[in-house]
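Next, two complexes with subunit A in common: one pairs it with subunit B, the other with subunit C.
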Partner chain A sequence: MRKKSLLTGAALAACLATSGVPALAGKSDDTLTVAFAKQLENLDAYSATAREMIVIARHVWDGLLYRDPATGEYLGNLAESFEWVDATTIDFVLREGVTFHNGEAFDADDAVYTLNWVSKPENGVSNQGNVNWIASAEKTGPYSLRLHLKEPFPAALEYLSGPVVMYPNEYHAEVGTAGMGSNPVGTGPYKVTSVEAGKRYVFEKNDGYFAGPKGTAEIGKIVWRTIPERNTQFAELLSGGVDWVWQVPPDQAEKLGKKFSVSNESTMRIGYVSFDSAGRTGETPMSDIRVRKAIAHAINREAIVNALLKGASKVVHSACFPSQFGCFQDVAKYDYDPARAKELLAEAGYPDGFTVPFFAYRDRGYAEAIIGDLAAVGISVDFGYLKYAALRDKVQGGEVPFQFMTWGSNSVNDVSAITSHFFSHGKDDYALDADVKTWLTTADTSIDPAVRKENYAKALSKIADEVYWLPLFSYNVNYVYSDELEFTPYPDEVPRFFQARWK
Partner chain B sequence: MLIYSLKRLLLAILVAITVSFISFSLLFLAGDPAIAMAGEGATDQDIENIRQLYGFDKPVLVQYFDWLLRAIGGNLGESFYFKTPVVHLIAEHMPVTMTLGAMGITFALSLAVPLGVLAAIRPNSIIDRIALLISVSGQALPSFWFALVLVVIFTVTLGWLPASGSDTWLHFLMPTVVLSYYAAPAFMRLTRAGMLDVLGSDYIRTARAKGLTTKSVFLKHALRNAIIPVVSLAAVQFGFMLGGSVIVESIFALNGAGSLAWESIGRNDFPTVQGLILVFALIYIVLTFLADVLNAWLDPKIRIG
Partner chain C sequence: MTDVTHSIEEEDFGPSPREILKKSILAHRSLLLGFGAIVIIVLAALLAPVLAPHDPYLQDLSIRFTPPVWQDGGSWEHILGTDHLGRDYLSRLLYGARISLTIGIGAVLISGTIGTTLGVCAGYFGGRVDMVVNYLITVRLSMPVVLVALAIVAIFGGSLNIVIMVLGFLLWDRFAVVMRSSTMQVRNMDYVQSAQAVGCSTLRIVLTEIMPNIMNNLIVVATLEMAHAILLEAGLSFLGLGVQPPLPSWGLMVAEGKEMLFFEPWLIMIPGAALFILILSINLMGDGVRDVTAPAGKN
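== the complex of A and B ==
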C-alpha cells in the first residue's frame, strides 16, 4: 500500500514537473520577460498615467526629440532639427522615410494632427500638464511644421522629448483612444504584438526602425507580465519565470544579488520637509526661522540615507533634483548638529521644545526616523499618516504646518517642474515669498538659458536661506535581473529595454 | 414556509441596500476622489474639471441614488481607470474568481468532511487530535504567509508549480489550497459535531442492531444526515471565498475579481469598487438566503420558531 502511494506521488510530481510550468525565459529564446506590479488601464500613451506607461511609450512610440540620458542633450528624433523662432514658436524639420508599425508613412500630417489633438482639453489627455502649453501646430511642408506655444515655455523641449509622442493620424482618427489603447501603433523600436489587458503584453523588435538616437534594439521579444505581489515576482525570478524586476527593497536586493545582477540608480524623486513659514495655518512655531533652522540641524539626513534608503540616494540641499536644468547647488547647507538645534530652539523661546502636528503619506519608516530625531531635541509631534489624496486635500486647504512629502517632477528634467510648482503662490505654497515668485516666473518664461539659471539660483538660494523647505534626499531604485542581461538604468526611472543586450 | 421565505428575502434586500450605501459612503472618507484621480502633478483646474465631469460636486446622497438607480438597470457606470463599463470588467474578471471559489470549496469539503467523520468515529482519540490540529492550523495561518510558504516550496525549491498567472489548471493549485485551508475547519467541526450527534441517535442504534456493516452505518445512514448543515454552510462559505480571494489573487497574480477589487481600491476607481462590492454582497446575500431557506425546509423548528 505504501509502495503504491509513493509511486502515485512520484508520478504526480513528474506530471507537475513536465506540464504547465511556463517555459524558462531568457537568452536562449531571445525573450526578455519583465515583471511590473502595476496593472495598466490600457496602452494609450495619452490616457494611461502610470510610470509603467511612460516606459511602454518610450518603446512603442517616438517623440519629435530625444533627450540623451547620458548627456542631457536634446537630439532630433522624429524631427531632424528644430529652431526657436521666438519665445512661443518652434520650427521643426521632420525625418523622412519613417513608417509606423502598421505601414503608414510618418510625415508632417501625423505630427500636426497629434499636436493639435492633444492640445485640446476636450480630447481628454489625462495628464494635461504634459500638453496644456501647446497652442497649435501648423504644417509648413510635407516634412516640416511650426509649433505655437501659449506662452514662453522653455521646458517644451523636455516634454517634446518625453511624454509627447507622435500618433499615426489616419489610424488614430479611425480607432480613437480606445482602439489605440487595445491595439497601439507607433514608430518605436518595439511593436506591440499581443495584448492581454492587465496581464501580459508582448513586444517584438521593429526590424524597420529608423537609425535615430535611441539606437537599434537587439532583443527580439519582450514579454511584459503584471505581477502585483513583490514576493511573487521574486519567486518567478528565482524559478526562471521572469528575467527582470525593479523597485526591489534594499535588503531583498542584497540577498538577490548573490544569484542575479543588481543595479541601483537614483531617481528624480526627492523627499523634503515643508514648513508653514507664511502662517497659513495660524500662529505656529514654524513661522520662526530659528525653529526651521533648528529642525534642519536636528534631522540626520545622512543617517537616514545610509540606513534606510541606501543605494544611489544622496542628501539634497537645494529644492530640486540635482540633474534638473537650473538646479543651483551652491545654497546654504544645514549639517546634523542637535546641540545647535537646541540652542536655536532656546533662542526662539522653546528651551523645552514644543508639540506640532506632522503629516506624511508614504515611507512611514523615514517619517518615523525624522520623528525620532526631532524628539531628541525636544520637539514632539502629533503624527498623521494619510493617503495621498487626503493629505493633498489638507495641504492645499492650508491646514498642514509641518509635513514630510516627496515629489517626482513627472521625470521632467527642469526646475520648473518642481520649484516653480511649489513656490509660485499656488495652493501648495506655504512660503508665499514675493521675491521667490518673481524670480521663478522670470526663469520659467525666458528662453535664454543664462537668464533662467540666474533667476532659479536666486530663488533656490533664498528658499535655502529662509529654510522654507528642508530638502532631504533623493530616492533610488534597485533593478534585479538575469546575469545574462546587459542593462543600464538612468535617473529618470525609465528602463530602456531597447538598449538592453544579451551578454 | 412562504411567509418565512418572504421575510428572509425582505431582510436580504435591506442588507444589500445597507451594504451598498455604507460602502459607497466610506470610499469618500479616503479623501477627495478628484484629487486622487488627477494624480500628483495635476493643476487645480484639472482637479475641478474631473470633479464636474464625474459629478463629485453633488451631495453624496444624490450621487448614491443616481448610482443605485443605474445599478438596478444593470449599469454600474464606467471605470475611472480602465474607461470601460464596470459590468464588462466584472464579467471579464469573475470567471477566474468563480473557478478559484469552486475549486476552493471542493477542496475544503474533500479535506474537511473525511477528517470530521474520522474524528467523530474515534472522539478524543489521536485521530481526533490530529484532525483538530489540522483544522486549528488552517484558521491560525495567515493566508498571505501560507501562500508564500507554498510558493517557496513548490515554485522556488521544487520548481513544480507556477507562482503566478491563470493560464492552466496548475496555476490554480496553490491558490486553491490557500483559500480552502482557511475555510476547511468550520466544515470539519460541523461534520464532527453532526456525526457525533447522529451516531448517538436511536435510528443508528437500530441500524446497528439490524446487523448492518459499520461502513454502511457511518456513510449511508449517519453521514447523510450529519452533512445537511454542512451543505448549507458550504453555500455561505462559497460566497465568503469569492470575497476572500482578494489577497490570494493578488499574491498569485490571478487577475480575477478579487485582484481587481484590491487594485481598484488602491487607485480610487470608485465605480469599479462599488460595482464589485455590490456584486460580492449580492452573491453572499443570495447564498445566505438560499441557505436559510434550505435550513428552514429541512428543519421545521427554524421556520416555526
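== the complex of A and C ==
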C-alpha cells in the first residue's frame, strides 16, 4: 500500500507541476470546475451535435418548453403556456419580461425568427432530425405565436423542450452562426464570459434569470475544461484542478468513491449481441436457431452486469430499453446454462464448437468477458475491434455475422427508436423477418396506444423466440465530484449544473 | 579445460582462438547477464503450460483485480494478482512471453532472410545488383515503420500471423545494409578468390566462405531487430491493432491495465517490467556478442 500511495503521489506531483491552472477551486471561491472529454469546435447550439453541446445549450439558452426530469411533464419555459390547436398546429403564449444576456428583450419576434430560421435546411442545422418537423412559425401578437408542423408529430414537445432553443433575432441576424459560436448569447441561467475554443469556457450565473421551471442557479461560476484523456481527468480531480467528472468506468468510480461523491444513473443505452440469422454474410452457424439459443445460454449476463457494469445496470431480455413505450417485457428469457448451451451446440451438429468472426467497437472488457463465456462452451472467435464508424459500415454492408453492439435510442423513450430501427428490413437488419416488420410498421404508424403496444409485443416476442438478438444489459453513467457539491444526475444524460448547490 | 590444468602444449602455443573466445565470453558480465535472462524467459515460455498455476484464459469475474501477493489483499493463489476479468496474471505473463518471443523470432526470421539475401547479393555481385538493392533499401527506409504497420494492420485486422508478417516485411533494412557492407569487406579476401579460382559455385562460396565470416554481424543485427520487433508488437497491441484478445500479449496487458493506472499501477508495472527485462537482455546479449566476436568494436 505504501508503494501505491507513493506512486499516486508522484503522479499527482507531476500533474500539479504541469497544469497551469490554479489547483484550488471549489466552494471557497464559488467556482465549479468541470471536465469533459470531447472538444467542441464552437458553441453554436445548432452546429455541434456532441452531447457536450446539448449540456451547454441547456445552460446558456432556453427552449419554449421544459420537461421536468423528475415527472416527465412538459412545462412552459420561455412559453408561459401552449395549446394544440390541431394535430399539426400549436399555439404558444410567451413569457414577458425575459431578456437575453446582451440586454435584448425576448418576445415573439425572437421565437418566430429562430423557429423559421432553423426549419430551413439551407441554414445548415447540423442535426436535421431536431428541426425537420417544423413547417413554419407565425407571430400572432407581441407575446404569442403559432407553430405549424409538417405532419402530426407528438414528439414535437420533446424537441421544443430540448434541442430547439431560442436565439436573439437581432444579435443572430448580425453575427450569424460564426458569431454565435464564438460569443453565444441566450436567455439561460448561465452566460458565457470567456471562450477558449476547444479548451476552456467560463460560464457565470445570469443574475437576471427569470424564475422558470429550471429554477435559479446558485453556483456563481462554472469553468468548463476539455480534458480528453481519462487518467488526466482523474489526476486533475485528485489534485483539485477539477471538481466534477462523468462517464467514469465503474472500477475507477469505486476507487474514487473513497475520496469523492459518486452518483450512478441508468441511461437508455443497451448492449446486445446480434446474429446473422438471415444469412446475409453467407453460410454461418448463426443461421441455426439452436446455435443462437446456445450462445444465449452461454453468456453469463448476470455476472457481467454485477462484476463489470455495476451501478444501475440491469440484464435486459427484450430488444429495447425497459422504460421505452411498447417495450414488452414478458418475452422468452435465456438463463445462464453452459451445459444446456453445449447440448444445443451438439444438437446443431457442433459438438466440438466452431470458430466465427466476432466484432465490437466499445467496451473491450465486456466483449472479452463474452468471448471468455463462449470459449467455455467451445465457441472460439476471431475478434475484431474496430472504430464505431468502421464497424457500422461493415455491419450495414452485410459483412458481420456476429457482433456486440450498443444502441442509445437517441434518448427517445419509445420502442420505435430502437426495435423498429433494427428490424424493419433496413441496412442494420440481420433477421429480415417479414412478420416482425409488419407488426413494427403497424405499431409505428398507429396513434392508438393499445394497437401500438399489442404489435410491439408481438414483434418483441418473436425476436426473443427466434433469438435474432440477444439483448445483454442496460448501461449506466458514473458521476464523480467533490464532496462539497450537491448534484443530481438524470437518465437523459444531461448534467444540470444550474441545479447544483454547494453543501 | 580449466585454468588450473595448464598443459605444456598450451603454454607453448598460447591459447587457441576457441579458448580466447570462451574466456572473453566468461569475462563479459553483461553478455552473461543478458544471456541468462533470455534463457530464463525462453524456458518460462516453453514450459508455460507446466509453470502456469492457472489457465490464462479462464475468467472468473468474482475475483477481478486481486492484487499481487506483496500487496494488501493479495494471496499465493494468484501470485501476481488477477486482471480485469479475473484471469491469473502470472499465467498470462508466462503465456505472453510465448507471444513476444514468437513474434520476435518469427519477424526476425522473415526480415533476416530477406535482408541477408539482398545484402549478400548486393555486396557480392556489386554493380547493377548493388544499385537495385540500394534502391530497395532507400525505398524501405523512406517508409515510417510504425505508420505503415498501423495502416496495414488496420486494413487487414490484427492477428498474430499478420503482425509477424508485417514486422518481418518491414524490418529487413538493417540486415541488408549491414550484410552488404560486411560482404563487401570479405569478398576480396584471398580465401574467397582462391575458392573462385578453384571453381567453386557462387552458392558454395557464399554459403561456406562468406556467410561464416559475417555471421557475427548477422547475430548482432538479429538480436537488435528482435528487440525492435517485440517492442513494435507491444506498441501495436497497446493501440489495439496488434495481437487480439484473449491472447495474452504483454502490450495488450499494458493497454488493459492503462484504465486503472491511478488505482492499480501494478497492472501496468508487471507486464511493463517483463517487457523491459526481455528487451534489455536481448540488447545486452547482442552487444555482448558483438564485443566478443569483434574485438575492434569494443570501443
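Following the convention adopted for this analysis, the second predicted complex is superposed on the first by the 435 of 503 C-alpha atoms of A that agree within 3 Å, B and C clash if a C-alpha of one lies under 4 Å from a C-alpha of the other, contacts with A are read in each partner's own complex, and residues count from 1 in each chain.
In this text, contacts are C-beta pairs under 8 Å (C-beta built on N, C-alpha and C of every residue); 3 or more make two chains touch, one makes a residue touch a chain.
For clarity, every value in this text was computed on a predicted model and none was experimentally measured.
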item: Side-by-side fit of subunit B and subunit C on subunit A, or clash; value: fit
item: Which superposed partner A:Asn231 touches (first subunit B, second subunit C, both, neither); value: both
item: Dominant toucher of subunit A (residue count), subunit B or subunit C; value: B
item: Subunit B versus subunit C as contact partner of A:Thr49, first or second or both or neither; value: first
item: Partner chain in contact with A:Glu283 - subunit B first, subunit C second, else both or neither; value: neither
item: Partner chain in contact with A:Gly241 - subunit B first, subunit C second, else both or neither; value: first
item: Partner chain in contact with A:Asp86 - subunit B first, subunit C second, else both or neither; value: neither
item: Which superposed partner A:Glu174 touches (first subunit B, second subunit C, both, neither); value: neither
item: Distance in angstrom between the closest Cα atoms of subunit C and subunit B, superposition on A; value: 6
item: Shared contact residues on subunit A - subunit B and subunit C; value: 231, 235, 238
item: Subunit A partner contacts - residues on subunit C that touch it in the complex; value: 57-59, 61-62, 64-65, 71-72, 84-86, 157, 159, 240, 244-246, 256, 258-263, 265
item: Subunit C contact footprint on subunit A (complex, rising order); value: 1, 3-4, 7-8, 11, 230-231, 234-235, 238, 249, 251-252, 255, 300, 303-304, 306-308, 364-365, 367-369, 371-373, 375, 382-385
item: Sites on subunit A touched by subunit B in the complex; value: 13, 16-17, 19-22, 39, 41-42, 47, 49, 121, 126-129, 132, 177-178, 181, 197-199, 225-229, 231-232, 235-236, 238-239, 241, 386-393, 396, 407-408, 410, 417, 421, 426-427
item: Subunit B residues touching subunit A - in the complex, by the definition given at the top; value: 30-33, 35-36, 39-46, 49, 79, 81-83, 92, 148, 151-152, 155-156, 158-165, 167-171, 250-253, 255, 259, 262-263, 268
